[in-house]
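Please go over the structures that come below.
Two complexes, one shared chain (chain A), two partners (chain B, chain C).
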Partner chain A sequence: MERTIALFLVKNYNRGVVVVISYAIRRILVLIPTLFVVTFFVFTGLELTPGDAVSYMVSPDVLANISPESLEQLRESLGLNDPFIVRYFKWMGGVFKGDFGYSLSSGVPISEIVFDRLPATLELSIAALLISTLLGSILGTVSALKKGGMVDNILTFIGMIGVSIPQFFFGLVAILIFSFKLGLFPVGGRILPGHEAFLDRLPYLILPSLVLGLTMSAGVMRYSRSSMLETLNKEYIKTARSKGLPEWRVNFIHGFRASLSPVIVLIGFRLPMLIGGSVVIEYIFQWPGIGKEFVAAVRFQNIPLVMMIALFMVFSVLIASLLIDIFTAMLDPRIRLE
Partner chain B sequence: MKKIINLVLMVVLVFSLVVFSSSASTNSNPLSDVRVRQAIAYAIDMKTISATLFDGKVIPANSLTPDGEWKVSRLNNYDYNPEKAKELLKEAGWDPNYVLDVVYYYTDQITVDLMTVIQEYLADVGIKITFRRLEGDLPAQLWVKPSDPVNGPASVKWDLAYAANAALAMHEYYNRFKGGAASNSHTPTDTKLDALIAATNETADVAKQKAAFYELQKYENEQLFAIPLYYQQAFIYESNRVNRKGILYGNEQFFYDWRIIDWDVMPDKNGENVLYSNRGPVEFFDITAVNPALTMPNKFLFDRLIVADENLSPKKGQLASEYMVSKDGLTIEFILRKGVTWHDGKPFTAEDVKFTVEYLSKVPQLNAVAGETFSFLEGYNDYINGKSDGISGIVIDGNKVTFKFVKLAPNALLIFSQWPPLPKHLLEGTDPLKAQQAKYWQAPVGTGPFKIGEVNMNNYATFVRYEKYWDKGTGNIEKIHLYPSGDGEENLVINAEAGKVDYAFGKIVENAKAIEKMEHMKIIPINIRYTRLFYVNKFPKTK
Partner chain C sequence: MDSVKKTKLDKKMDLIKQKEELGLLKYKSQSRAQRKFFNNRLAVIGLILFIVILFVTIFAPVICKYSPQKVELLNRLQPPSSEHIFGTDKVGRDVFARVLYGGRISILVGLGSALVAAIIGVSIGCYAGYKRGLIDGIFMSISEIMMSFPRIILVLLLVSIVGQSLWNLLVIFVLTGWGVMYRMTRAKILSIREEEYILALKAFRLNDIIICYKHMLPNALGPILVNITLSTAMFILQETELSFLGLGVPLNIPTWGNILNVAQDISVLKENWWIWLPVGTVISIFVLSVNFIGDGLRDSTDPTQQG
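Right after this comes the complex of A and B.
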């Protein structure tokens, strides 16, 4: 099958594209057993945590009043009394048929819940990823070019603060200043009734995406700076300079491009966040995303929901890893896809 | 000489009988000795803890029953007295090397602080404790009764369990201490205690019930089969946009005659009379099984057959225009109000009332008091066991519904003031075992003054006036907007500060402390039936 596709592609495209596609296909084929193993571990992990969904359906203060027989009935009706391995394969069987099951707490199809929360998370994560990538790589490059100067020192200091400050603290301070003191942005939420267009939602998006983006920028900036410094010391940069190329061309065409490789790796590994969301930011800004849902599902042992989100996350990590390999090979001619 | 010996024997016998009849017997567990339990109560300075740790927002307890008309006066407060505690421990032969295992399940920091303080207080009188938080299947760790409810051994590992006893009906405080009760993992059968508890359940007459509870409280106060610590208050939060027009405040955790249809609210920035609150749905609307009034939407989506006053005493008909209780208390008749409709326009009928009781009877999460009340209905067992299609003790005659009980259900009226009728036409055919999972609970249809406007799960839920509601209020609220808060009080402080909360309620002391500093917010503390206590495991423990 793979060979047929490769032959077809050879006839139609150049060799570089063929290599990338055949590499991608091989990686995707490896992905299936990986998903199988990882989901089994996640399921086992959940099984090992104390209690089950029924333990969390009713408040602990009230549980003392509910008879053990009633709780047992509830467990039976939700299929929680089946052996662990039976439940895992039931779930896996459902996934192969495209049936991701139902939320144990509400009976709503899991797919409905996930696709309901996913747009919110994607919106926030993409905005934050863009902010952090642009800001981080530009400031990191500037910092490297001004090495040892005041700009570099200030940016290094800001970067260190950015890396050190916990997101929740940064988020709360941002709310205090920009929402409560200055009244520029709402304190949280995402949508108001009758105001669901993107422009209506924008004021709600700005603060959380800035907080998330800025905290992520610090890391990108540090990576970008050290990578740029390393690149600027390479022989080919010196050669470019000796050939009389303008300084901006040396720095940005030859230096910046090559320095992006490690930055791409860092950004690539942040891609899964597009699915997983940023739990802390979602909590602080009351953002109805998938990260918040995931934490609640784990807490309440809503296994079908946890498994579905975990499946998405694992899938996105594996895809991100594939994309990183492809992009780094494209950016750095020394790297070859095998 | 023989006479003297006989006399001495007689005195010993009488003394033993008196002691035996007035207190439960002891066993190898030191906590089975009442003197040890009393020593623990004397050793903890709850007044200071209340004033410092809780900022005066809880009330030290001397009984499971909170202060008020249901509690007998002049109970021993067990005021802080470490010397007395040491004396009692000495009398009881307390082993200072014995370490009590204290458990709790709350996740807040204040619980850890409280446990630490109590550890210090008890150490001062020579009692060592360790404390740990339980996780996972709590009933299996806390409430498994021993196979022998008289002699044990215990089926649980702990010595003291810090927990809450939240009661709708007074009976909920004490019924769980009955010998062999389903969740009684802690108190060996005590015939005197059982008789006192039984007396509270034998009458529906409020005066007689109170008298029975008074006797029970005296015994409880002397025996301390559980050690009450403090009464938690509920806090009602109101913004300066709201005017309740002097309507009395009650226990917001339950339904009472709060008449939201008479409230006024000042227009918001869009010029609309919207009441903003929290506790909006995150993934579903809560089923009306455990405690219907605890979640905000249920408060205005549903009416009940009768309405309770602010003290939760049944007051007057709501969906029932009138109701009659027979002299023996075994029959209750409801005449349903004419012209009442569900929010989808379908008429509300006696069939809905019958269906609701039958449906809820099969819902596993149903509140214990409601479940017990329904279980006293004629034909209940046949229905539950599948021998009949319905409960024969619920008889419909036009718009009249009659409930016939085979045994007195002392809380029947209270239950009908809290558990709202559900629409048969929307729930019939759904599985009561998976009641919460029914699609109905994604957008419930009720009979209350507000109906669902729009639900954007986890973002907001709005409710608008139901134009065909049977009662006409004097208030001006056009819409209610709820923000989602899964745990009830999530984001309450931040939303209140941002002016997004006009009305809310809760029990978290830290939230109350934060909100009371806000100029635009008002806090009304309410005494509620919610007692924090130590359950004391008095069964002998296996090694």
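Right after this comes the complex of A and C.
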């Protein structure tokens, strides 16, 4: 008897894994055409920019001392005289191998710039994501539990203000108050030379991540409030309550946990917004991340850098949302079946 | 006094009754939505704020005697006074005048691009959602691909390609904004097309265009209106953000974002708060009012929240 139960469990567990994997494969297959179109769009943009494509495909050191004949040879060997489609596929092959070309202004390989700035952006985004998720889901739950009451109204109102204030304006006010008037935090930047430990960096991180996190938690709060309200109307909450469970257990063990899964999905949707939001915040706080680099590239019309950073961000958004989809499919069996 | 009022009300009541008997009372559901909207305190406050700010910017020349462009080097960086309500900026221009005139452009950009994006997105979404098939698939995947870009990244990318100008910015906002409208309208139409009256219309062999634009679209109008207001708020925020970065509307045109642009300067940020703090507050209040209106519209038009 025990053996059959164990076998049944193993069999079913495996089936679940298989379903998730097949779901993941389907999702990846859907992703492929998107990748093609996005890369094609970026490549066309690169092609349409005035200027010789050689200037971002070859290191400027090589380009500096080169004769016209060997330049022509170089063009031929790089395939710049090939038809458009052939060039596109060659370029894409390079991109997937990590060859992003060279920045027009500094001549540094773009992949180097991106991976150099990536840790700073990740640090800021993850901190903001943590703050907004924690704060947003807790406040949202509280206001759902106190629906229609004073606390709910105040929180909803504050949330409204949160989505209405321009993020950068909020950042500027925060700098004025906390850096200039109170002197609590440094005005901007990330690391002082010689102080690379995380604790030394922490004061620099607090203000930008709080600004980014607080403005984002308004949306999370709203969403988790409605999710919690929906959960509280479910039959099993009534069952739990009629079993005589204490109210906090009903709310937090039965309600809050179940209301979280749509919130996780929301975080997936928020990723592009997080990356987009961090562009402006990085710029204000002089945070040396990808966003600040991107703004500088747009300002100096450094199109190859603009295009490749955008492409990199789209890649990361697509991959992150893929992972979140798979994760939620593992949590919620209903999603796999769609 | 009291009796006069009563008779007035009675007359009104009689008129309504008369109309009802003749079957002239139309759009009962709409008036219900209106009632619900006007009973929502925040929505009404939002509407009032919206109208006040709109009128103040439209009648800027009447309200403010200064020109937003006039440079007065003798009056540089004056703090707020009775002469200049919001003070003056680095070259002596009156900040209050700039806020008023800047509002015109910012609101135009926000409302204009939201409306055009809505017209494009809704007209495609309505037809594609009704017909399904190839057109729907094509537009769906285009919008999906555009939405895989973080919004501001796509906008900045397009700015770097086409260059900065007011019209370019409007076009870029419309290009990046129609997708949301399209998807929302399509989703709504998809649920409407399963209703039986559509089957009846089809049985009468009505023209497809008449079915979807005349008979289906009005039923999807609620969420569309909500979305237009919310996109207006979003586009205004985006315009200020881009102009703050110096990548939006060219700096010689005063807009709310361009006024804030000077706050990039640390000394202005620290010492001359009056140049950027009031503008930011005005933007926040305006966007807040638009969001309140949007929320009120959502509550009053969403049938799932009726009751």
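Keep this in mind: the second predicted complex is superposed on the first by the 240 of 338 C-alpha atoms of A that agree within 3 Å, B and C clash if a C-alpha of one lies under 4 Å from a C-alpha of the other, contacts with A are read in each partner's own complex, and residues count from 1 in each chain.
Following the convention adopted for this analysis, contacts are C-beta pairs under 8 Å (C-beta built on N, C-alpha and C of every residue); 3 or more make two chains touch, one makes a residue touch a chain.
Note that the structure is a prediction, hence the values are computed from the model and not measured.
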Which of chain B and chain C A:37 touches, first, second, both or neither: second
Figure out whether A:105 sits in contact with chain B (first) or chain C (second), or with both, or with neither. first
Considering only the touch criterion stated at the top, classify A:175 as touching first (chain B), second (chain C), both, or neither. both
First (chain B), second (chain C), both or neither: which does A:187 touch? both
Could you say whether A:294 touches chain B, chain C, both of them, or neither, answering first, second, both or neither? second
According to the stated criteria, A:242 is in contact with first (chain B), second (chain C), both, or neither; which is it? neither
Give one of first, second, both or neither to describe whether A:303 is in contact with chain B, with chain C, with both, or with none. second
Which partner does A:73 contact after superposing on A: first (chain B), second (chain C), both, neither? first
Which chain A residues contact chain B in one complex and chain C in the other? 49, 175, 180, 187
Would you pull the chain B residues touching chain A in the complex into a rising list? 105-106, 135-139, 142-144, 163-166, 172, 176, 182-183, 282-284, 290-291, 364-369, 431, 433-434, 436-439, 441-442, 453-454, 456-460, 462, 481, 483-484, 486, 491, 494-495, 497-498, 500
Spell out the part of chain A that touches chain B in their complex, as residue ranges. 49-52, 55, 57-68, 70-71, 73-74, 76-78, 102-103, 105-108, 113, 116-117, 175, 179-180, 186-193, 286, 288, 293, 296
Touch list for chain C against partner chain A, complex: 42, 141, 144-145, 147-154, 156-157, 159-161, 233, 237, 240-241, 244-247, 260, 263, 266, 269-270, 273, 276-277, 280, 283-284, 287-288, 291-292, 295
Write out the stretch or stretches of chain A touching chain C in their complex. 33-34, 37-38, 41, 45, 48-49, 157, 160-161, 163-169, 172-173, 175-176, 180, 187, 272-273, 275-277, 279-280, 283, 294-295, 297-299, 301, 303, 306-307, 309-310, 313-314, 317-318
